[in-house]
Amino acid sequence: MLRHIKTVLTVSALSLAVSTAVFAQEKPKIAFVPQLIGIPYFNAMEAGGNRAAKELGVDFIYSGPVDTNPVDQLQIVQNLIDQGVGAISVSVLDASSIAPVVEAANAKGIKLFTSDSDAPDSGRAVYVAQATDEGLGNAIIDELVKRVGEDAKIGIVSGEATASNLNAWIGFMQKQAAAKYPKLQLLEPQYAGGTAQRAAQISGDLMAANPDIKAIIAVASTTCPGVAQAIETAGKIGTVIGAGYCSPNTARSYIKSGAFGFTVLWDPAQLGYLTVWAGKQLIDGKAFEAENSVPGFAQPVTYDATTGILLLGPPAVFTAENVDKFDF
Amino acid sequence: MTRLRTLQGPALILSLLALLWAIVIVMLLALKPSVFGLSTMTTIIQFSTILALVSLGQAMVIMAGGAGIDLSVGGIVSLSAILTMLFLKLGLPPLLLPVACILIGVLLGLFNGILVTKLDILPLIATLGTFFIYSGLALALTGGAAQSGVPAWLLSWGRGVVLGIPVPFLTIAMPAFAFAGVVILWTAWGRWIHAMGFNERSARLVGIPVDRMRLVLYGLSGALGGAAALISVAWLGSARPNIGQNLELESLTAAMLGGIAITGGRGGVGGVFAAVILLVTLKTGLLQLNVNTVWQVGIVGALLVFVLLADRLSQHWR
Amino acid sequence: MRHGVFSMNGREWSLLAACAVAIFVLSVASPYFATSGNAATILRNSVELLLVGLGMTLLLAMGGIDVSVGIVMGLAAIGVGRALGADLPVPITALAGPIIGAALGLLTATVVVLGRVPAIVGTLGLLGVYRTAIFVLLGGQWLSGLPTGLTVLLGTTVLGIPIAAYVIALAYLAMWTALRRTPFGLHLLAIGNSEEKARLSGIPVVKVRFITFIVSGALTGLAATFYVANYRNVEMTIGSTLALDAIAAVVLGGTSILGGRCSLIGTVLGVLLLRILQNGLLLVGVPSLWQPVVTGGLLIGVLALEVATSRLSLSQLGWTRK
């Protein structure tokens, strides 16, 4: 028996050694690794990336983890590096753990950059941002204050406690509240993981604990339906409003029912397009200008050389008036 | 087929795994020869290291029977990493970091062992409880924030590669497996583990210190979890509160694929190692072929069912 | 021993007492805890866990287990959601959950019972397969903002009580009757005590095990119906933590994972105690990240306490662990 195993192992090891074949030079490959697959937001980014790939003449690879697990994400990035793609963009799950793959990519001359969620100080080539973290945090607070006043009590329900981009947004919300609206009472953020059930449970408990609560912010797009549904179920439409970073399609029925006042988001398909465009620029060795004209974009895209951020533009606010004009 | 039919137990599992591994390699070769090279091998080993260590502990605990299982391994990895870095902030000398990490793992594992041997709580329930406690504490103590501040010398160990093989694998995982293999095959302890897994009552009657042995094994599983935590910290450069997420189910899958019987008393560490390598090679292969990651979980699940059924059928034929 | 619907044993009384103490302490600690609104919130948040827990109670009592129940609920929820989205008559959408759940239970039973694979490992393998099925079926698009038909139906009150409560009460009574008043229940517990002896005494072991997996699947599917009614959303991560929570709640309720001993009322109390504590601790200001720690601590605390208080009497009965 042992001999049988040995033969099998030897054969496969031999074939492994023989097979360092040359591979043909094809179209440049640009990959995007989202935080999690199977959610509408990143699906829209994938669609935008595919469109860009077709128009710019590159191959686009979309591959991400099935759980919000940074090690799985690293493994995917590492395999893209081993495949020798031209450029890899990552929506970083955890900024602190991306360092090993940045080193590996640099060693092989692969352009590694971030998109949608950043890892500053990691040595990434550029960050393709939907909006600045600060802009996103401020937008939610400013819009909410318009609706509930400067002295309201506001709850925060986030997804995974370990997601560094969500935590950055929460940080800027707290900063903005402290600086501009000292009477505003932001409750400690609560974390619901990824299911609507947990988000609804926690939102329900938050409303029970704070009968005078005026608004709940759903930070992760996975928590939007749960937060909105809890407000509806508790019969608090009109006294509590939900808000968050979620797509018009996810939030539409809640915006119409009044459970959600508004959502803040950008067009993820445009972000996906810009990501692939940026990857192409990096592969071609072209530097980013302060203002870049990107095909299909009405406005030039700005680039900040000191922070290395390529900015999609200000976030859009979706309300009952305009939500039907969008489909993503 | 007739040759397969005469096989049984570990030999069957090992040859099955080798066969599957060969199939994966050959398919990859046919579809995408360009992926093979030193860097792919390094990647496979790199991402096997943590799972291999944790699966080894899981396998030893299951092998010793008494409905043994350790659902808390992922929690142990997360909590040891977090507690070590928190102690570092409280003034623990950085040189003691590796020792502290493994020691914390041992203590967490021994707590499981005490629940199981002294309080007679069934292992599935005891470690389900500690799974909630350990993984919950890692998140609650940090609020989810990664803990940085890993000394540079540790990073160079954690990220080092010698001859295409990651240094943590060479210095921790390989010795651990070699040691476990020697103990299981050639020492009285190994025979005790198999004996108590096979028939606990008889093992007690012939004077094997079953409870003490079991306590040690849970401690060992904790130590390996602590070692995995140390590797994650030294490699990523920070301690992550959810680094052990899903490891309980993945290590259980690897142990079962590796031919460990869930009832205890059967299996060896070689199969576990082969199973871990197979799992990571499979994942790597699918990633290299750019197969949508949603198929990974399903293929691994189906593989597990397939191997279990094959094992069952071989016993049936016998 | 005869069991009445409301007869309770030691563990069940102590759980009831624990609930009472928790309610008392939390009412003192937070003025918002003991309100009718909050009670409704707690009950509403218990429904899915309770239904899945009842199925798990039967499985554990039989010496089985199923770690894939959360994902099975997800698959059934996709069916319910799709039916609801297609404007099928609401009662049909409500039934889609249990039917799909039962079908998946049949599939699980085929692998575990016919394949003679240990339940914990077999369902672990199926968990992976089912997860892929969820991804493929949803294809990255969640079912969001589903119609309110099911929500309205289950929320309609008859004699001042919502239909949802009748459905849950009916499910509970059906389980109780099956377990305590039919040969099926006796057979199930006999298999849990010793499968070998059950087989020798002529109990149709394979049939009983199949039925139990199917019933557990149907209850899990019913939970899916409630999930869709309550949240009108089916997301990809649906049910990901449900299985372990359910096992914890059922064991807390006094059901033994070795089989042969179970308590339906214990499961109800176990689920309620968990949800009361989760709700109450948030009300008094403990961050939600501590909730798993509380679950685990409770589980180990209760079992350790039980062992400590009963060790003497058990050793007198000649009870050993193996």
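Per-chain numbering from 1; labels A, B and C assigned in written order.
Following the convention adopted for this analysis, a contact is a pair of C-beta atoms (placed from the backbone, for glycine too) under 8 Å apart; a residue touches a chain by one contact, two chains touch by 3 or more.
Note that this is a predicted model, so its numbers are computed, not measured.
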{"item": "Minimum number of chain-to-chain touching steps separating subunit A from subunit C", "value": "1"}
{"item": "Greatest separation from subunit C - chain, by CA centre", "value": "A"}
{"item": "Averaged-CA centre spacing for the pair subunit C and subunit A, given as whole angstrom", "value": "34"}
{"item": "Rounded Å distance, subunit A centre to subunit B centre (Cα mean)", "value": "32"}
{"item": "For subunit B paired with subunit C, centre-to-centre distance based on mean C-alpha positions, whole Å", "value": "30"}
{"item": "Contacts with 2+ other chains: residues of subunit B", "value": "139, 143-144, 294, 297"}
{"item": "For subunit C, residues that touch 2 or more chains besides their own", "value": "131, 135, 287, 289"}
{"item": "Subunit A residues counted as touching two or more neighbouring chains", "value": "37-38, 66, 161, 191"}
{"item": "Interface residues, subunit C side, partner subunit B - complex", "value": "67, 111, 115-118, 120-122, 124-133, 135-136, 244, 247-248, 251, 257-258, 287, 289-297, 299-300, 303-304, 307-308, 321-322"}
{"item": "Residue numbers on subunit B that touch subunit C, as the complex places them", "value": "66-67, 69, 71, 115, 119-122, 124-126, 128-137, 139-140, 143-144, 200-201, 249, 252-253, 256, 262-263, 294-295, 297-305, 308-309, 312"}
{"item": "In the complex with subunit A, residue positions of subunit C that touch it", "value": "30, 32-33, 35, 37-38, 41, 44-45, 48, 131, 135, 138-142, 144-145, 227, 230-233, 235-241, 278-279, 282-283, 285, 287-289"}
{"item": "Contacting residues of subunit B [partner subunit A, same complex]", "value": "3, 7, 11, 14-15, 18-19, 21-22, 25-26, 29, 33-37, 39-40, 43, 46-47, 50, 139, 143-146, 148, 159, 232, 235-238, 240-243, 245-246, 283-284, 287-288, 290, 292-294, 296-297"}
{"item": "Complex contacts: residues of subunit A adjacent to subunit B", "value": "1, 4-5, 8-9, 11-12, 15-16, 19-23, 37-38, 61, 63-67, 69-71, 74-76, 78-84, 94-97, 99-100, 103, 108, 160-164, 167, 191"}
